[in-house]
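One chain, subunit A, links the two complexes that follow: it is found with subunit B in the first and with subunit C in the second.
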Partner chain A sequence: MAAGAPAAGRALVIGLAGIALTALGLLVSGGAKVAFSWLVALTFWGGIALGMLFLVMIHHIFDASWSVVIRRQFEHGLASFKWLALLFLPLVASVYFAPGAVWKWMNPAYDLAQVGGSGTVGEDVLWAKKAALLNPTAFVVITVLSFGIWIWLSARLRAASFAQDADGDLKWTYRNRVTAAFGLPLAAVTLTLAIVLWVKSLDYHWFSTMYGVWYFAGCVRAALSMGVLIMVWLWVRGDYRGVLNANHFHSIGQLMFAFTVFWAYVTFSQYFLIWNANIPEETFWYNLREMNSATGFANQWKWVGMLLLFGHFFVPFFLLLSYKRKLSRTQMPWVALWIAAIFLLDLIYNIWPSKKDGNGDALPFLQLHQVWTVTAVIGVGGICVWAYLRSFPTTKLIPIRDPRIGESLTYHESSAD
Partner chain B sequence: MSHAAESAHDAPSILREVNPTPLPRATLVENNRSFGWITDKICGIIEGKTPTWWWVCFVVACFVASFTVAGLTYLVATGVGVWGHANPVNWAWDIVNFVFWIGIGHAGTLISAILCLLRQKWRTSINRAAEAMTIFAVVCAALFPVFHVGRVWFAWYLFPIPNSNYIWQNFRSPLEWDVFAVSTYGTVSVLFWYVGLLPDLAILRDRFTAAGNRLRGWLYGFFAMGWRGSNRHWSNYEMAYLILAGISTPLVLSVHTIVSFDFAVSLIPGWHTTIFPPYFVAGAIFSGFGMVLTLMLPLRAIYRLEDLITQYHIDCMCKITLATGTIVGYAYGMEFFIAWYGANPYEGFAFINRAFGHYAWAYWIMISCNVITPQFFWFKKVRENTTLVWVLSIFVNVGMWFERFVIIVTSLARDFLPSSWGYYSPSIVEIFTFFGTFGVFSVLFLLFIRFLPVMPMAELKAVMPQADPHGSGDAGHGASGRSH
Partner chain C sequence: MAAQPYGLVAVFDTAPAVYHAAETVRDAGYKCWDCITPFPIHGLDRAMGLRRSKVPRISLVGGVLGFTTGMSMIWFTSAYDYPLLVGGKPYFSPMFAFPVSYELTILFTAFATIGGMFLLNRLPMHYHPVLKSDHIVRGLDDKFLVVIEARDPKFNLAATRALLEKAGGREITELEA
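Here is the complex of A and B:
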């Protein structure tokens, strides 16, 4: 079990190397493009951590039993929040040192002609109406507040769970239920505000009430995928032998299936309602991702959208329909990896097209700057995995004194909860 | 690989350290009741003499239902002009009441199907009555769109039946989608309910036959479709139940999604918002559970069903109401926020008008009932006070009716053309018609209580400790599921 230490070291080295390579991108592609890549990486790994936070709290609020043996791994995953907050600092710094580089509205003097518009942001009546939220101070306050709440909730949940291993006191179970009860609405509101400010406001004219729900669905899907990868990793390593049984794999597979459908439901509803109403104020966001206004032809993002439609819904939907596949420890990691990769693509699809050329068209999907997205994802991911592996050996593999640990270890398909 | 096989080899040392802190699960059937007690208790409701309160309620319900009959008769005889619709509010009472009732109709299938798939065994005490409630609510809901077509004898035009008039339905209209969604939902809900009833109908057949009541014995036997309780019967039953649960789950979500599309596909400020589908589904579950609490708590008190509908069941229902009410609150907040953030002056006006315009009273009733009321369920003392829970459930019902009223009427009453603005008030015919639907619903529910088992006896027995093949005393959780 203590084998986490060298692996943690490797993860840290990989993470730092990824960050260093991304920094190299500053010289090659410029700060703005690297910042976009950095944002993709942070919303990807931050999304996984948020998904884990939600899953831990949902576990406690439901007094669930089957997931007790898996919950501890999610609790380790929550250790990444403080590092994610640290890694977010360059973007916060950009607010003051390069306003407008990522979020145009940070700089009222930003010349919209650079992205196919006219006038400046400050002259834009749509920005003026939203300026109470879309300003540097609000951005920093909400970012700090969001990370602060996530770190605080994570610390409470982890501390109570770990403490119970030592003394077996029921008060820790009750404390985590209370934390989950107020933590869920708090996390829901902060997640929504964060994703609105970080991603949706990249195209600050656009709006959709579904956006927070969309990000939540993606976060939980990615967290579940990461859960499967950890389960199989620990199974192969031997730690989880005799702890996990086929039904744990089946149940987490069912949850992945349910959230696959939920993501599709949310994404379809958003697209369909905007397409059907056909209001230019809303449709431009999708048009940007479908065609090049200068030529009138489909752009690369259209095919990314198609890949999302099939790859993020149909493929996992049909793969996860199979009962046997959900039990397979050779196939499920691939399904999990696929879902996590497509979640990343979904974020790229939401973030990158907001980086426009002089005609107001999205920069192509396949360009050199995507290399920095890859290195940023590896860099931030390395740090998150390092945080997980650093936390891993500090506690028991499973919550040995949890009131429901017995039910979890003997979990069978028709058990309750 | 089976669990036994997996744990047989290489069991890690961590398992030797496992020592769960004792925290017993709540029992789902209290006071260590026997299987026979459950059968006697549930069948006793049907077999006993019809109580006086039932007759009183039935007569009152029939009287109230007559208001709907009178209202609809007058409408058919006179024309839809007897409803209070007038420019710009040409769509109000009918669609408000349709959405209200169809929302209530969601809890039954949710409890039966989704909680079944989630293996929530506490559903067994309430699922039968909730399913019945679903069907009766769908009946009440269907009345409004059918009669709002005006010439009700042409309502069949809604179906794409080839005919010589070359009528081609507008498949691009979500109202047409409603026809398919609601009729499919109604059909599957009835099937689901009926399949679940089969074993219990057979019990009633056997008991009435043994008691010498051959007519009722024959009737229950006819509807029990030859159920004998053989292994093969149970096997087929389990599979059918699971398949129906699988079919019903997307159905229950799709119906209210399509109901939300009735509004969201339009361009009307206050209606066109992307969060409507999940927000409407959450609202439907919220209102459905509100109505389940409203119905089940008096039933529990009258028939002394405290051992079967325990405090744990009430807790669970209250918590779902709290959770869905909070989700609905999130949606209200998001709508308001995006109305501001979107910077569309029409959207902004629509929401300001909701909160501070002529219909502000309705908006604040909605907020009070749907967002504030469920927050009381945070407190254990409130959840343990059944009278208070019942009162709060009424507020939920009221609030959800007002939600639909607020969404529909406020947006239409202040449309794009200020010169056409108006103020909608329902006509007496509309009020009578809606008021009467509570009678229709009550009549059907009272008949259900009197003639059909209000709880699934076989399913209840399966969650008792006696059903656990391993002899676990951990009631409700040691039992091996729905293996009856």
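Here is the complex of A and C:
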């Protein structure tokens, strides 16, 4: 635990450096492009935090036992929400100071000819029909409310869990169960609204009922991956020796496998329903990510999409089928890193093609402006890791007085070779 | 009565006793033997030196069969046997064959898992020599049994009996085949 402080300082420096570099990008690429990179970074790290929030609440609502020893690490991860809210402020400010720069529909006078359309947003019937939700007030209110709810739920879950370390009172377990019971629907609704407003509305013509579930699946996959990385890190460092056994690794590996299939199910359903109905109001979203209308040739995004199909489903699916690999403390961190990296790519795939040229075609995937995506992800990531490491030494490694801690420490599920 | 018995059965009073007895029998190199306990004992499989179940491999075969059945069935019915245009779509595309293939993957995996489990456990088994033993009733209630079968290459009536005695087994009796 002593190693927590200097590492936290390093993370903070890396985070601030990343943010400073991204700010420098404002001068090079302009606010409208850097804002997209910033949005990618926030939905990536915010997604990890949301996934952890869901995992903690799912743990409580099912009265789970095996995950008690790793729940504490997710609780530390929840410390990042208030910083993520702070880091989101520039995007909220853009609503007032540069409407239309990030989300076109914020500015009714936005000339759609710039992106291959005609008329202005204000004249667009497809916007008018959706204006009840797609307006600056709703955006700001929902964003503030969402972060508020996530911060509040996190604070409740953390406080009760940490308090139990001291007195061992069962009331904290019951309180967290109640928090999870009302927190899960609250978090589900706010997650859906947030991702619809932040990302889906970048192309506000489009609609998909799968969108919230798609983001949820990605969030939990990334959070589980982060969980495996933390478990292996603390195992190698020695903290988790004698705490974790093969069954804990097997179970979290099984969850990663289940959510791999879940992500594929949701993402395929979204694609398949649009492919099958084949109506232009929906297909344009995928066409944009497959070919340039100006030339008729495939664009770079097609290959990103293929990479998602194989890299985000087939590769992890077959890797995680193996029982031995799920127990491997040398292989699983790579699988986890891969899944987290592809989650990032998935977000880039959903966000960036909304930046279009005059023909209405997506700007290419490989463009210099993507440098700011890298710096933003490092910047926001540094802050999130710092928040985790800062929270880490403030409590016990595991919830030592949780009523199910004994069950968790002796967790045994099946024949572990 | 046949000269060669089915095997030897020994009774143990506590879970730790049978656990350590299992370790002793495992280390003595026996292969055809089993423990009978009233409830699952965590870690007993390891103490017995049991390998992981082979059922997952059978499940995988079922899954692959299910997926290919789905894909080829859709191809056969809508592109080969009776080509039919639906909604301007191609005769065959993995896109619309996928939901069916996905369902059949799950269905065949489930069948293979259940079937594989039955097969590997030689179920259904309506008779087993241990059922004749007087101890079996206690073994399903509050005692713990170790049964070593005579077909085990290491089986020797006197030596095996001595081993079970050394492991702390009581009421060691021969099982009628």
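The rule we apply is simple: the second predicted complex is superposed on the first by the 413 of 417 C-alpha atoms of A that agree within 3 Å, B and C clash if a C-alpha of one lies under 4 Å from a C-alpha of the other, contacts with A are read in each partner's own complex, and residues count from 1 in each chain.
Methods note: a residue touches a chain if its C-beta (ideal position, glycine included) is under 8 Å from a C-beta of that chain, and two chains touch if they have at least 3 such contacts.
Everything quoted here is computed from the prediction, not taken from an experiment.
By the document's definition of touching, of the two partners only subunit B reaches A:Leu409; subunit C does not. Here subunit B and subunit C are compared by how many residues of subunit A each touches, and B touches more. In the superposed model, A:Leu321 makes contact with subunit C only, not with subunit B. Applying the stated contact rule after C-alpha superposition, one finds that A:Asn276 touches each of subunit B and subunit C.
Contacts of A:Ile400 after superposition: subunit B is touched, whereas subunit C is not reached.
Residues 276, 410, 412, 415-417 of subunit A are contacted both by subunit B in one complex and by subunit C in the other.
Every residue of subunit C that touches subunit A in the complex is listed here, in rising order: 42-43, 45-46, 50-53, 56, 60, 87-89, 95-96, 98-99.
Every residue of subunit A that touches subunit C in the complex is listed here, in rising order: 268, 272, 275-276, 278, 321, 323, 410, 412, 415-417. Residue ranges on subunit B touching subunit A, taken from their complex, read 1-3, 6-7, 9-12, 14-15, 17-23, 119-121, 250, 253, 257, 261, 264-267, 272-278, 326, 330-331, 334-335, 337-338, 340-344, 378, 463, 476-477, 479-483.
Residues 65, 125-126, 129-130, 133, 164, 168-170, 173, 181, 185, 188-189, 192, 196, 207-210, 212-213, 238-247, 261, 265-266, 269-270, 273-274, 276-277, 279, 281, 327, 396-398, 400-407, 409-417 of subunit A are the ones touching subunit B in the complex.
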